[in-house]
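All chains are identified by letter, namely A, B, C and D, in their written order; residue positions are counted from 1 within each chain.
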Amino acid sequence: MINVTIWNEYVHEKIHDQVKAVYPDGLHTAIAAGLAGEGFAIRTATLDQPEHGLTDEVLNTTDVLIWWGHMAHDRVSDEITAKVVQRVQQGMGFIVLHSGHFSKPFKTLMGTSCDLKWRVAGEQEIVWCVNPSHPIAEGVESKIVLDQEEMYGEFFDIPTPDELVFVSNFQGGEVFRSGCTFRRGSGKIFYFRPGHETYPTYYQPDVLKVISNAVKWAYPARKTSNVFGKSEPVRPFKEILV
Amino acid sequence: MINVTIWNEYVHEKIHDQVKAVYPDGLHTAIAAGLAGEGFAIRTATLDQPEHGLTDEVLNTTDVLIWWGHMAHDRVSDEITAKVVQRVQQGMGFIVLHSGHFSKPFKTLMGTSCDLKWRVAGEQEIVWCVNPSHPIAEGVESKIVLDQEEMYGEFFDIPTPDELVFVSNFQGGEVFRSGCTFRRGSGKIFYFRPGHETYPTYYQPDVLKVISNAVKWAYPARKTSNVFGKSEPVRPFKEILV
Amino acid sequence: MINVTIWNEYVHEKIHDQVKAVYPDGLHTAIAAGLAGEGFAIRTATLDQPEHGLTDEVLNTTDVLIWWGHMAHDRVSDEITAKVVQRVQQGMGFIVLHSGHFSKPFKTLMGTSCDLKWRVAGEQEIVWCVNPSHPIAEGVESKIVLDQEEMYGEFFDIPTPDELVFVSNFQGGEVFRSGCTFRRGSGKIFYFRPGHETYPTYYQPDVLKVISNAVKWAYPARKTSNVFGKSEPVRPFKEILV
Amino acid sequence: MINVTIWNEYVHEKIHDQVKAVYPDGLHTAIAAGLAGEGFAIRTATLDQPEHGLTDEVLNTTDVLIWWGHMAHDRVSDEITAKVVQRVQQGMGFIVLHSGHFSKPFKTLMGTSCDLKWRVAGEQEIVWCVNPSHPIAEGVESKIVLDQEEMYGEFFDIPTPDELVFVSNFQGGEVFRSGCTFRRGSGKIFYFRPGHETYPTYYQPDVLKVISNAVKWAYPARKTSNVFGKSEPVRPFKEILV
């Protein structure tokens, strides 16, 4: 049983009618409903909860954390950011959606600005798979068509992804590396581009399938902990004292 | 003409006789002397200078920054760390030597703990080239033999390197990814393992050759600046207002 | 149920007493026994069988093919080589052990000489994990110690691996990229170094654990087949005939 | 002085009026003219010359080979293919243009089908840089707009590129990894997508700039030759005879 926590800043949905119309109970609730049949143990957490809903108890029992944020990135405390980053480095899977590219934990884990081009114009996005044997692409068609989405365009200022799984074509002419994996410490990270708050992207089955696959992929391997620090030689030799 | 700044915390050399004996004028001075014939414009900077010698004027005119630090990482101010990180992201080359793996700028750019195993026992290190067509390996033999070095052992907790150039074998049985490249923003980073303060590693010609090659490799390409933010379509389409 | 076929040239074991003493029924039989508890459906195949035991029927029902060959690489027919290569490209997993680096299918899939340094001197090999969150490393300690093995040394002339999982230290001073993944078409390939025919390497539990993990990792994703060739536009535009 | 040989099958231009109109003296001549100011020593070679113009003398004095082929791939002899592949593995740079993705040398070096989707409909291609600090992108704007080009679409069946430099957006909705680097042996390979024979792509300055940059990038490092085969220990140990 994989323990999944879906974190959403949950601000747009409460103050923008257009967003409320699409996600009346919040993006997190829609994603949770979309993943309901996958056999995960799913919790949600939001910005306005104590410790943003990410208490030590929640983080320590989360295998994979899904993150959606946009207009309130700076209201996420440095303390919780540090805890999320540390948990990822210790092995918690981390799936960062759409405007989460600018979230504090993602930027801290990347070491880059994570900046990009953008445009909200209701244009078509076609997400192509460039790595069809990757487990995150399993059972997903060669392309995902989103009739209306926000545009994100290159150059996307991230480190070279470990693996590139999806690339998007936008009607206005841009491209974007839409599905990227990274490893940081013992944790696996997947960035997935789609999901502007004014479009019903997270109701679309192939989008949910990608997120579900990513949860399974990011689920931490049960691994002996890494050992660091001063070490005795494995193969004894005559030491030269210094 | 490539403008190189060699930064050294310059603490060991002033307080430890054993280090002073090897590098009487500091590691930075030895490296500067070793690179003297390469045609670079070389400056040095140290921790105890105002702004650690890394004023805006120095950073803005540095093409490639070489960094050595060890016992005083925490005395590097957060302000200077942030400036170094930003300059790398904007295109300044960054060559991190040996114990610089734990420096604030490197850790910030990596997003990981950068931890490792270590042992100071005067053992032999053999640095093998695993990427012989890489420009950083140009003119370097297939292996570099260091008669005495500190051991650094895997798991080295870094992100997957963009390119792996050197791997070390230690007498005590460990291995280490000793030459790794990373890109962050517009900047190129090279981590190079050798160089414990008690051994004359930075007088060895093949070690200096690698550092010199790395300077040339990390020299920023003259590139149109990246443009981010709201963008008009390249290919006009009928906008669907949202 | 994963269908695994273990292919062995099975020549050394019949003509060299020293090898027969270690693997009286062949390396393939020892590996099959070692994987017996993993729940795979295991078959074996050898060079001297009709079509080297790799008939269309066998290949078409193999999910993952394990390959060990050494002194008889040139006796593998070009026809069977081509079939193995094609099946890998279509999605069959391919685990290449030790001297299989010089096998015809592996060299064809790599596009390089796959040459390396070697020495048979009964020396110690220590295989270190450099990617502890990779599924192939799951449940494996940070190092595997092999008391006696053949040495393989860098430069190993392979393409840059997609992922580097293990690196070996040899007593004589060399290093080797011992666990490497590659993707070719829809197929996943894992090269794993240990396993000289005169040493009991394939009886060692941690070596078998790596091979078992690799089988699971290489098991083909159930994916819609790739479509190639002439394509209609996804997004209609006014065609300019040429 | 970099010795560049531009190879073109040179068939379309002699039999198709539409192509002759664009490239009256052949694609190779247009590319040679476009690179004329770069200070390279440029030769051309074509399919119908003896040994396809790629004699041992030519290959042995070529630093970087540029390849364009399309309708006559199967008329390139296996012998010349093998020589080109071997020279690349020994360090010759290799720049493969457009439909050269299906050439024998490229397929042999890749180990995959190199298949893709395509459409000739005069549509717009926008080539975006996703790696702006890469030397192949130096001095090139963030995008290259080609008013009319053939479409190539993903999935492009190549191994994971070592580096991804450009990604294309096509008007009809597809994307393509248009600028990819690979290393094979000591040789550097760059695949660059644009250049259908009916469009004046190779007269466009930014396209020529990319090719010129790629020539400089692929120019072989002067490196000690790799040594393979039986090796004595670097670090003596008590041998255990087997």
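Methods note: contacts are C-beta pairs under 8 Å (C-beta built on N, C-alpha and C of every residue); 3 or more make two chains touch, one makes a residue touch a chain.
Remember, it's a predicted structure, so these values are computed and weren't measured experimentally.
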So which one's got more C-beta contacts, A-B or A-D? A-B
Mind checking subunit C against subunit D and telling me if their interface is mostly the same residue numbers on each side, over half, or mostly different? same
In terms of mean CA position, the chain most removed from subunit B is C
Quick one: report the Å distance separating subunit A from subunit B, using the average Cα coordinate of each chain. 30
Let me have the rounded angstrom distance from the C-alpha centre of subunit A over to the C-alpha centre of subunit D, please. 36
Residue numbers of subunit D (touch at least two other chains): 124, 126, 131-132, 142, 153, 155, 160, 162-163, 171, 173-174, 183, 185, 226-227, 234-235
Note which residues of subunit A are touching subunit D in the complex, please. 124, 126, 128-132, 142, 153-156, 160, 163-164, 167-170, 173-175, 177
Within the complex, subunit A is touched by subunit B residues 18, 85, 89, 108-113, 115-123, 148, 151, 153, 155, 157, 159-160, 162, 171-174, 182-185, 198-199, 226-237, 239-242
Quick one: in the complex, what on subunit D touches subunit B? 91, 124, 126, 131-135, 137-143, 145, 162-163, 171, 183, 185-188, 220-224, 226-227, 234-235
